[in-house]
Amino acid sequence: MKNAIGLILNIDCEDPSLKEFLQHRSLSTLPFGGRYRLIDFTLSNMVNSGLSHIGVIGSNKYNSLVDHLGTGKEWSLSRKTQDLSILAGANSGRLGHKMKVNLKDLQNNRDFLETASGEHVIISPPNHITSFDYRNAYEIHSQNNSDVTLIYKKDDSTYHLHDDDIYLDLYNKRVSSIYYKKEQQTNYFFTEMLIIKKSILIQFLDLCECTGDWDLMDMIAINLDTLRVFSAEHTGYLKRIKTLENYMKASMDLLEYDIMRELFLEKASIHTKIKDNHPSIYRDSSSVSHSIVGSGCNIDGTIFHSIIFRDIIMGSDSQIKNSIIMQKCKIGNHVTLDYVVMDKDTKISDYTTLIGKPHDPIIIKKGTVI
Amino acid sequence: MKNAIGLILNIDCEDPSLKEFLQHRSLSTLPFGGRYRLIDFTLSNMVNSGLSHIGVIGSNKYNSLVDHLGTGKEWSLSRKTQDLSILAGANSGRLGHKMKVNLKDLQNNRDFLETASGEHVIISPPNHITSFDYRNAYEIHSQNNSDVTLIYKKDDSTYHLHDDDIYLDLYNKRVSSIYYKKEQQTNYFFTEMLIIKKSILIQFLDLCECTGDWDLMDMIAINLDTLRVFSAEHTGYLKRIKTLENYMKASMDLLEYDIMRELFLEKASIHTKIKDNHPSIYRDSSSVSHSIVGSGCNIDGTIFHSIIFRDIIMGSDSQIKNSIIMQKCKIGNHVTLDYVVMDKDTKISDYTTLIGKPHDPIIIKKGTVI
Amino acid sequence: MNTECVAMLLAGGQGSRLGDLTINNAKPAVLFGGKYRIIDFPLSNCMNSDIDVVGVLTQYRPYILNNYIGDGSAWALDQIQGGAHILPPYMGQKGGKWYSGTADAIYQNIDFIDNFNPEFVLVLSGDHIYKMDYSKMLCFHKAKQADLSIAVMDVPWEDAHRFGIVNTDEEERIQAFQEKPAIPKSNKASMGIYVFSWEILKKALQEDAGNRESEHDFGNDVIPMLYESNKRIYAYPYSGYWRDVGTIQSYFDANMDLLDPYCEFDLTDRNFRIFSNNISRHPQFIGPEAKISNSLICDGCIVCGQVEHSILSHDVRIHRHNILKNVIVHTGAIIEDGAILENCILGGRARIKGDVRLIADELESVPQIHVINS
Amino acid sequence: MNTECVAMLLAGGQGSRLGDLTINNAKPAVLFGGKYRIIDFPLSNCMNSDIDVVGVLTQYRPYILNNYIGDGSAWALDQIQGGAHILPPYMGQKGGKWYSGTADAIYQNIDFIDNFNPEFVLVLSGDHIYKMDYSKMLCFHKAKQADLSIAVMDVPWEDAHRFGIVNTDEEERIQAFQEKPAIPKSNKASMGIYVFSWEILKKALQEDAGNRESEHDFGNDVIPMLYESNKRIYAYPYSGYWRDVGTIQSYFDANMDLLDPYCEFDLTDRNFRIFSNNISRHPQFIGPEAKISNSLICDGCIVCGQVEHSILSHDVRIHRHNILKNVIVHTGAIIEDGAILENCILGGRARIKGDVRLIADELESVPQIHVINS
């Protein structure tokens, strides 16, 4: 993988259901799974696959990203060899068409692309929950001398698809067509992860400068007949976080032992910024089951089927069920929460009851006191 | 100084003479003095004065700032105790009135201000070349139980002033009036460094939310009668970089041994990002005098009265005089440069002669090949 | 380079009374309270006291300790100048010498201390659990114009015979020392924390090094020598939680103190944090049938059984149908389906079969603590 | 944790033939080429060879070395797992033992190596100046299915008697060893760089440790033993710049090689960088009357005199009216107005008065090198 550069995109999430969580942070730094941020999965996968030059494109709300990643030390990325670059995306405003890969973001960072050593670029969005090794796909890419390799997944009925998904037709592993809508009977959908030759990418950037068309997927689709575009399959667990529903589902998936094991135990680790908290304290009258719990918590109540982040304080005679409680929340005594998502730094006073619905959880905004 | 927070502002430099240098970077990361960036001086001064919580507000071109500062390790700032925070300024577009301290930038980072422990905030712009110990001013601030302490300098005729300078009238160290133009016979001008009680600053932020007036200096001027506003003198060397002329002058000042000594040898060190270059190689036919030279250079020509940054390659039979050559420039053989400022990564081909004027140097943009 | 005060942390001891817990590991690196190691406490105290040069004297099996301390960044001890420095015994031109006593360890590193040109040297040991702001002790030392200040605390009179006891006058100046006295004259016990004026200490160490009779120990040799030569020795009074964890029983008890909500020693206090060099692990997975109460649990644990009044370090796996009570489990131990454990310390990577039953005998007044190693 | 290859870097030597340069400092930490220390070369080689676990065996005055290596981040050796590990001699339950030879040093750290469960162990020494991609040697080792591979290079026949010489067959398998032979059978000299299969090495070290006759040295004991037991020992041919800097003369010459534009050893090569643990200093200030040619100069220097064919480390002050020629100046030395120096090595913080004249005797064929210490 020495010959490849990793590039993690910035995604401007427009789904209104996540709006409240994204006022002060980018989608890439949305807290997930008790201690992570979404980007941890993609970044760790890249590092674990052996990539040692990785660029991360940030949004205008870059504080949380910069604070989280630092110089990448927690991901074994070295400042000495400039393994991690945090890049500013294009500030050019948004175009009408929602793009998979906005080449303007890359154009803005041509320097990074051109100076980083490596002939191939592995591109991924920051909002995938998966433990994925890029080495297989890279092998396929190399063996076929591909210009582009698109990573796809077989669509089964349980899978959560999105309106803007792209589908592929394959012929002997080669991509024969790319659809924006599921028009035909194809069951391969594009995961939004791809490998592309740097030289081709640079050509696209030059071309876009003239044509004004800036979506990489469009460029690939248009040039499908002249380029060698192959495909590689993603077989494991994958969830893409684009809506609150996705987020809830993927969070609760972690409570299934097999999924938790695939993400955290079987393969290489998912790294994240280290917080030095005390071990979680379970008090005398606490009763916790079927949950994920971060460190630094002080729990004195009943928790069931929930995701509890770091540094939560929970009073006695309180109950939390089917909820996601982000870091540093304080929950008083005699509180009942069911189907609630609390953003960080929120407080719930004593004797409060909040009961949401499975498909319509109650959202509590960052910093709120109830 | 445990009770104070440092805050380094983002300055949007609008002077056209520096425009070419600021297309890809903020003023704070303009290269200076052979190996530094402007912000190194203010940041090092704050660290050397004992501040251990420092916020740096970045612009939209934050790549260079993030890359340069990392987690602050080179300035002895620890990631563990979150000593350094890189903050996003307000993205609200610019207001008509050019402000000294745009409170919107601070409003956007109220979280940082409110959670950082410390009752006073030391505010400074990022474009001062000085070796300054804030401890004296802080002492004065504490002894007088001041709400605000403005740091001023006595104006002598040699000093380079700017159109937008602010002047102070002092009465027993207390600030009795604040002028935007040099209307009266005062010879104290405000250095744009100040210390303010955090509680007052937060009050101003609340007030601005209502009034829509967002310049901290206006707020202080308006409330001069009700606030305890004191002054502290800055006595050493100070240059503020706002124009190319300032930049050239301050750069060439370094060639005066006494100024160099004051900035680099007498007091605490100015820190910067460490680059691991080989020692500079002076070849057989090189002749270098009265210059500042960074590491990693490979010099085979004549250099006089110039600032040579890191990683410069210079061919034989070439001459550089009165020039500033930023990092990674390549200068061929038989080249003559006089009064030239080369931005980083530029190349000059063999047999080129470029001669600028003392007050109108030739500027060569980043990445140019001549 | 000038630093007012350099801390020297004695971390060379084997801690043989901790038995199996120190076979491969120096005592200061033994796990405590789940995720901490004993040395976290003095190191965090340094950090909270703004002491930023710490020499750590190692000798016995230092590998885990060295790795753990690293560049000191976990305790914000990674300044450009200053920081944490590991000081093993070394060979000089005239051959090498192991550290033969606490005073000898400092003596052999006089050059290191002189590098920083300090006025004061703080001598600490790496085997106590406590929180202390050393800067206050330093202030006391300066105010008294002392040559040596010794931190002392009141112990119950009936325990005084187990400690080094000091007698002081009204000014806190020490008038007499008694080492584990049969008939103690006071209940002020030395905590093994010393602030020396470096000039005085340096001279004393050099003198002591030349003394063939000496065992080169602070308590037995150097301090009595200073006392006899009429140096100004003061007792800095400390009150608060402080535990020596030198035996299995005291180690077990101090761990269990953390589970007592009324114990004054508070790991959650944000104003005086105990830092540690964290490893990154997934969050705790608490299974559907788990039952946890009154326990401390670290990241990376998977708990599917019943855990009561226990402390689980990182990466512990508790399968189903277990009962753990008063158990301290070190990193990576696995407890299979059905085991029942009480009053145990499980060493790192211990593996407990499902048929194991270790239940305290109700008849004994102090239940025996089982130590099970990997 | 599984790592294919662990590097063990022998950095315990005093380097007594370097005289005053190693009074307070181990040889691997001696400055070289202005800003580098000798150990930078093997550490940077590791980094350029993608070897990311390096054990550094220290013994003689390791303080500067320990501080310099720190967490290894200067050589990008600060991964979460892996990185640079300093391994001093230590005390175990049965007391302590100094490293009594190169093989003994590795023997005492078998546990450390086993932690990483490697297939291969690369043994390096910390006193050679060269660039080498060890991953190629590892490939060679694997391709030959060797038990041990030794890097060798062709030396001039007339020098062969000063080296350990190996004879190989056409497959590069070693057929004979000659230690400093009067009549060398080949000119292939061992460079002291070994790749062992760990299983073989571990067994050999254990056997050697039990042998009372042995001096526990790789060259004299362990390798002959492996050879006699018919192990597959191959010679990995290397060609390129390689210098032992074990004497003042060879140290001086290798430094001066850096000033030779035709020397194949190139510090400026971006594809194989030599890293070092940089200190932050102001840029070089070159005074109005300075004259510099054919020299290497580091940050923090203030040069106001004449410097020719010389190497200045950090923070050197050269006042006016000086002439320096063929001089190596270590960190912080000051040369006052008017001194004239030729063929000198100035130790760190040396202070040269203005009336000093040290000029090489033109009659001597090899000018004497003056070593002036602080």
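For clarity, chains are labelled A, B, C and D in written order, and residue numbers in each chain start from 1.
Assume contacts are C-beta pairs under 8 Å (C-beta built on N, C-alpha and C of every residue); 3 or more make two chains touch, one makes a residue touch a chain.
Everything numeric here is computed off the predicted structure, so don't read it as measured data.
Relative to chain C, the chain whose mean Cα position lies farthest away is B.
Should one ask which of A-D and B-D has more C-beta pairs in contact, the pair is B-D.
Between chain A and chain B, the centres computed from C-alpha atoms are 37 Å apart. Spacing of chain A relative to chain D, judged by their CA centroids, is 46 angstrom. Taking the mean of the C-alpha atoms as each chain's centre, chain A and chain C sit 42 Å apart. In chain D, the residues that touch at least two other chains are 73-74, 80, 275, 280.
Contact of a single residue of chain B with at least two other chains is seen at positions 73-74, 79-80, 271, 276. Listed in rising order, the residues of chain B touching chain D in the complex are 33-35, 74, 254, 257, 260, 263-265, 269-272, 274-276, 278-295, 298. Chain C contributes residues 12, 14, 16, 23-24, 58-63, 66-67, 70-71, 73, 80, 85-93, 96, 98, 111-112, 280 to its touches with chain D in the complex.
Put simply, chain A touches chain B in their complex at residues 58, 60-63, 66-67, 70-71, 73, 79-80, 85-88, 91, 109, 276. Looking at the complex, you find that chain A touches chain D at residues 73-74, 76, 78-81, 83, 271.
The touching residues of chain C, counted against chain A in their complex, run 33-35, 74, 261, 267-268, 273-276, 278, 280-299, 311-312.
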